[in-house]
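One chain, chain A, links the two complexes that follow: it is found with chain B in the first and with chain C in the second.
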Partner chain A sequence: MIRLAFRNLFQNKIRLVISVGGVALALLLILSLDAIFTGVERRITVYVKNSSADIFVAQSGVRNLHMASSSMPAFVRSKVKAVPGVDSVSPIQYVSNMVVIGDERNLAYIIGLPEKAAMGGPWRVSAGRSRPDPGEAIIDRTVAKNSGITLGDEVEILGEEFEVVGLTEETASLVNSVAFISEDDFTDLRGDPGTISFLLVKVKDGELPASVARRIQARVRDVTVQTTGEFANQERKVVKDMSTDLITIMNLIGFLIGLAVMALTVYTATLSRRAEYGVLKALGASNRQLYRTVLAQATLSVLIGFLVGLIITLILSFIVDGLGLNMELLVSGVSLVKVAGLSLIIAGFSAILPIRQITGLDPAAVFRGK
Partner chain B sequence: MYLSRRNLLQDKTRLALSIAGVALAVLLILVLDGFLTGMNRQITSYLDHSPGSIIVAQEDVVNLLGATSLLPTAVSSEAEAIRGVEEAIPILSQFVILDLHDKKQPAYMVGYDPDQGGGPWELSAGREPRTKREIVFDRILAARHNLKIGDTVEVLDNEFTITGLSNGTTSWMTSYFFLKKTAAEDLLLVPQATSFLMITTSDGADLGYIVQRLNKISGVNALTKTNMAANDLKLFAKIFSMPIKLMVSIAFLVGTMVVGLVIYSATVERQREYGVLKAIGAANHILYQIVLLQALTASLAGAALGTALAYGAGELIMVTRPQFLILYAPADVGWALSAGLGMALLAALFPVRVVAGLAPAEVFRK
Partner chain C sequence: MTDQTLTVNQVTKRYGSGSTEVVAVRGISLAVAPGEIVLIMGPSGSGKTTLLSMLGALLKPSEGEIRLNGNAISSLDERRLPAIRLHKFGFIFQDFNLLSALSALENVAIVAELAGVKRSVARQKATALLEVLGLKDRLNFLPEQLSGGEKQRVAIARALINDPALILADEPTANLDSKIGHEIMRLMRKIAKEQGRSVVIVSHDQRIKDIADRVLWLEDGQFKEVVTMATDPVCGMTVEREKAVRLEWDGQVFYFCATGCRDEFIDRDKQDKVNDGSLR
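After this line comes the complex of A and B, so read on.
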């Protein structure tokens, strides 16, 4: 019976391509949306993860970078430095703003770096320098490429012109990019020299970041202290919590489309083999055996569709990567399990209509040519 | 014509499934489009309802939502000295992330002076804040987290009591909340700071002249509210257009595949009849028309059903998830039908190949 399912499925190649293609595209809808948000989640935490810090200290109540602002008095730095277990402390200035190149305005985290900053600077520089001096900026390579500029050109940040002296990798997401300027420029343009945005802390060898974080929290007032892992998790959670409802709606529509396509395919395939099913029934095949054939056919189609959908998503992720769109498609294990589960449900449901067809099939009618 | 109808209607279940497939694909395209239109409306809601017609921001800042702005302190009085300016209403605003029931909720905090304006434009319940510990919260966000007037919410580790609930101040990404400007200054540790000035002008004042004069003040950028709203829309369109285009393209392809599958199956089943028609002298283009007509009927019926479903789905989504605003324009129906037409034309390519390759003599040999 499984052989029959195989034969039914592969006999008409065009129908196979269309049906598997339809299911693959429906599953691709779910996979690619998941992949877009997983990509954003990864890219949005990439600065935090590559900051070289063990601990992030922020204004009280501030637990992440994205869509947030943090401001602390500069003296907090020495208080944190004095906490046992702290090896080094590096302040950064941060504001969410724009990198302006001609008419192009690119949303960016603007990071003000102190001279010789040991933490919080660019981690992968593809061209130029990794630390900006006054009047200089380091920006993301794809942002620069998309706007047609390179090293030595000028960009506008916080209303001032900066010379691009470095181009970084992995610092752009669908939402924004990261740009680095000197702390002196940052405070001249934005602010108050007496304040800092975040403190990046390195702990001494042998110390656990979580223990040192607890110590800082207990000894320094009006700050929120988290390990780098916790800080990145909070950042990821912002994207996840924002997108959950949207993803649920899109998944439901993708699921329904997949179901309609699959039901149509299995129904059409069963219908065209109606006579054969009738002959099998006349030869003594039980309804259950025929149901199994239909179900096997549906499961096979959906699984092939799932694999094709996955392959297209992976190909899309390469294409998107190559196009320099600041968008990353990342297929996660959770997403794979979810879509595989949905595929099996689709296969089960789509077999209902043809099974009803077979149940009502009169073997004698087949021989009468009906 | 008759043959097309008979082929299509011969198996009603198959036809129903194909129309459902196209309808769902069109539904997805329309919902995505409606979602984008609704989001655009929500993005500019504050600018649409705040007082004044000109906004003064920090130099180089052209967006309300995309960038933080801090104005030099003397700007307000300098702005009010310009002929035609009635009032310069200050706000201090900033995105913050609220932790509500273990969920991260990005929110746009607006610190304003209730005597001057710039706060919530419609209260569904309660009143505006009177003290530094009071807050007006978005009605939908409050309902999602079971918060009522008199409850407290934590903003940057400070507790505020909800005194009012505002209408029209939410979106799926973020919601607005309002507190006294002095309270926002304390929260952000920026005493006396102002992010934006909203400029109201006297009747008949020349906006162009006022914008020009305002831009002569050092360290500021003045622009009309319309321009700032357009900048915000452009910024968010840049972020969302690519994923939405990707989704719409996939939905279109799915619809095409569905129609293609149905018309292809119907054509293959009737292969002998097409062969006979060819044998008795029917030109290929006549047969193509028959195939195309079937594809058109299935696609356009699917597009019409999809449009009706999209309106229903939009309402359902907005009732169950009120933070989403899904808006359809009459032109969207045209788009849906065009999508259906496009799907039909592409889908007809599969069966047309079958008909074109058909040898009339074959049917008599079988």
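After this line comes the complex of A and C, so read on.
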């Protein structure tokens, strides 16, 4: 009967294209949205992950960068350095602000880097220098490109003009970008000398970051200590919390479109073969065998639609990568499982009406030429 | 136990009730022996289709009983009927009713698969049947690529695949030309006689009388006239018993198309007896 479902599905090519295409587009909507937000999540944590630090120390209660600010006395640095297991400590200054280029205002994490900072600086520089001196800034390449500026041009950060001396890769997302200036400029402009935003900690060889983080937390007052992984997870969580409602609504829309397309095509496909199902029923096929055929047909359509949707999403992700946009599409395993699950639900629901149709078929009608 | 394949006892079918009640079949009785071909004829609306549906366990009678190989099928629970139809009946339809998406081979094999036969075995059985029916070169053809006669052969193979005791055919020659229709009917007679399967045919086609053992005339839901057919033992022609040349010979009754065949039969029998020494 599965073979019959397969043959029924592939016999009418136009119907196949409509049903599979409709489902594929609906699932593409869900998959690509998921992929966009997964990409945003990755991009938004890319600074944390590429900071070279094992541990992030912040003001008490501060657990991430996005939409947060942290301020600690500078002496905390020496206290942290004195904790057993700590190899090195680099302070950074941080504020969420704008990189202004002409009339364009680009939301950015502004990082103030100490001279010769071992951690927290740019990790992929495509042009220019990797450390800014006073009066200099390093900004994301795509931000510079989109605004039509290059090395040697000026940008405004924290109300001051800076010369662009370096362009970085992977430091822009749909949400914002990362810009680097010197620590001296940062403290001058913020007017808050004697404070630091975060401490980036490297642990000694053989030490576990989690153990050292617990030690710092126990010995230094008024700070929140997290491993880099924990800090990145918190960052991700903030973005996820902000986007969950949107994703849920779009998923629901995608689900309903997929369901409507699938239900309609399976219904019409069954309707067009009503007589054949009647013949099978007259010959002795049980309702259960016929239900299986309809369900298999719906499942096959949805699975093919799922594969087509996935392939298109992957192609899109390559295209987006090649375009050098401030975003990337990442198809995660969780997203695949979720969309596959939704597909099966769509298949099940879309088969309900045709199954009711078959239940009502009178096998004796076959002798009446119906 | 009974030696009849099918026994129909005082079967009535009513539709509706009260002033709108219609009696499609009224008090019909019938017995069909193994290997016997019964042709049911009658005008449109006479109840032929209703009767055929009841014989095939597709419709329950309002009254009376239908037995297949001694087992009452008319009183069985609805849920058991599909399995009975699948294993005990072979159906042949006027419009062939093949599944358009499946090849000839798959159309036959799927019925065996429905009955629980493994796919490979079902395909082997279907191939063998189609080859016997002269469709060796058409196994993988879709119905739309087959002629009417070929489609009906596929339908016959489909009807036979589960070794049914009874084959029910609804106007099997209606969509076939005269030559192919006759060929199909001879094929059905061969199957009935060689394999001992009973066949009940509902048709308007007078030519089918030739292959039937019995012809029943259904009118207003009742059998009006019974025509019993017999085969001339000399020329093999099917003849109506009432109109044939009758001969009682050695305690048996024989029917002939003409006196010539009767005389030849007598001469041959006498010669046989001389040869084996029983008559000098």
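One rule holds for everything that comes next: the second predicted complex is superposed on the first by the 358 of 370 C-alpha atoms of A that agree within 3 Å, B and C clash if a C-alpha of one lies under 4 Å from a C-alpha of the other, contacts with A are read in each partner's own complex, and residues count from 1 in each chain.
As a convention for this text, contacts are C-beta pairs under 8 Å (C-beta built on N, C-alpha and C of every residue); 3 or more make two chains touch, one makes a residue touch a chain.
Because the structure is predicted, anything quoted here is derived from the model rather than measured.
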(request) Give the label of whichever partner, chain B or chain C, reaches more residues of chain A. (result) B
(message) Once chain A of both complexes is superposed, is A:L310 in touch with chain B (first), chain C (second), both, or neither?
(response) neither
(message) So in the superposed three-chain picture, is A:L174 touching just chain B, just chain C, both, or none of them (first/second/both/neither)?
(response) first
(request) Determine, under the contact definition given at the top, whether A:A282 touches first (chain B), second (chain C), both, or neither. (result) second
(message) Just checking: does A:R7 make contact with chain B only, chain C only, both, or neither of them? Give me first, second, both or neither.
(response) second
(message) Per the contact definition in the header, classify A:L28: touching chain B only (first), chain C only (second), both, or neither.
(response) first
(message) On the A-aligned overlay, A:M242 touches which partner chain: chain B = first, chain C = second, or both, or neither?
(response) first
(request) List the residues of chain A that touch chain B in one complex and chain C in the other. (result) none
(request) Over in the complex, which chain A residues touch chain C? Could you list them? (result) 1, 3-4, 7-8, 10-11, 275-276, 279-286, 289, 363-364, 366-369
(message) Can you tell me which positions in chain C touch chain A when the two form their complex?
(response) 49, 52-53, 56, 58-59, 82-87, 89, 91, 93-95, 97, 99-102, 106, 110-111, 113-115, 158, 170
(request) Within their complex, state which residues of chain A touch chain B. (result) 12, 14-15, 18-19, 21-22, 25-26, 28-29, 32-33, 36, 59-64, 66-69, 71-73, 95-98, 100, 105, 107, 156, 158-160, 174-175, 190-192, 195, 224, 234, 237-238, 240-242, 245-246, 249-250, 253-254, 256-257, 260-261, 263-265, 267-268, 271-272, 316, 325, 327, 353
(message) Considering only the defined contacts, which chain B positions touch chain A in the complex?
(response) 11, 13-14, 17-18, 20-21, 24-25, 27-28, 31, 58-63, 66-68, 70, 94-97, 99, 103-106, 154-158, 172-174, 188-190, 219, 231, 234-235, 239, 242-243, 246-247, 250-251, 253-254, 257-258, 260-262, 264-265, 268-269, 317, 321, 323-324, 350
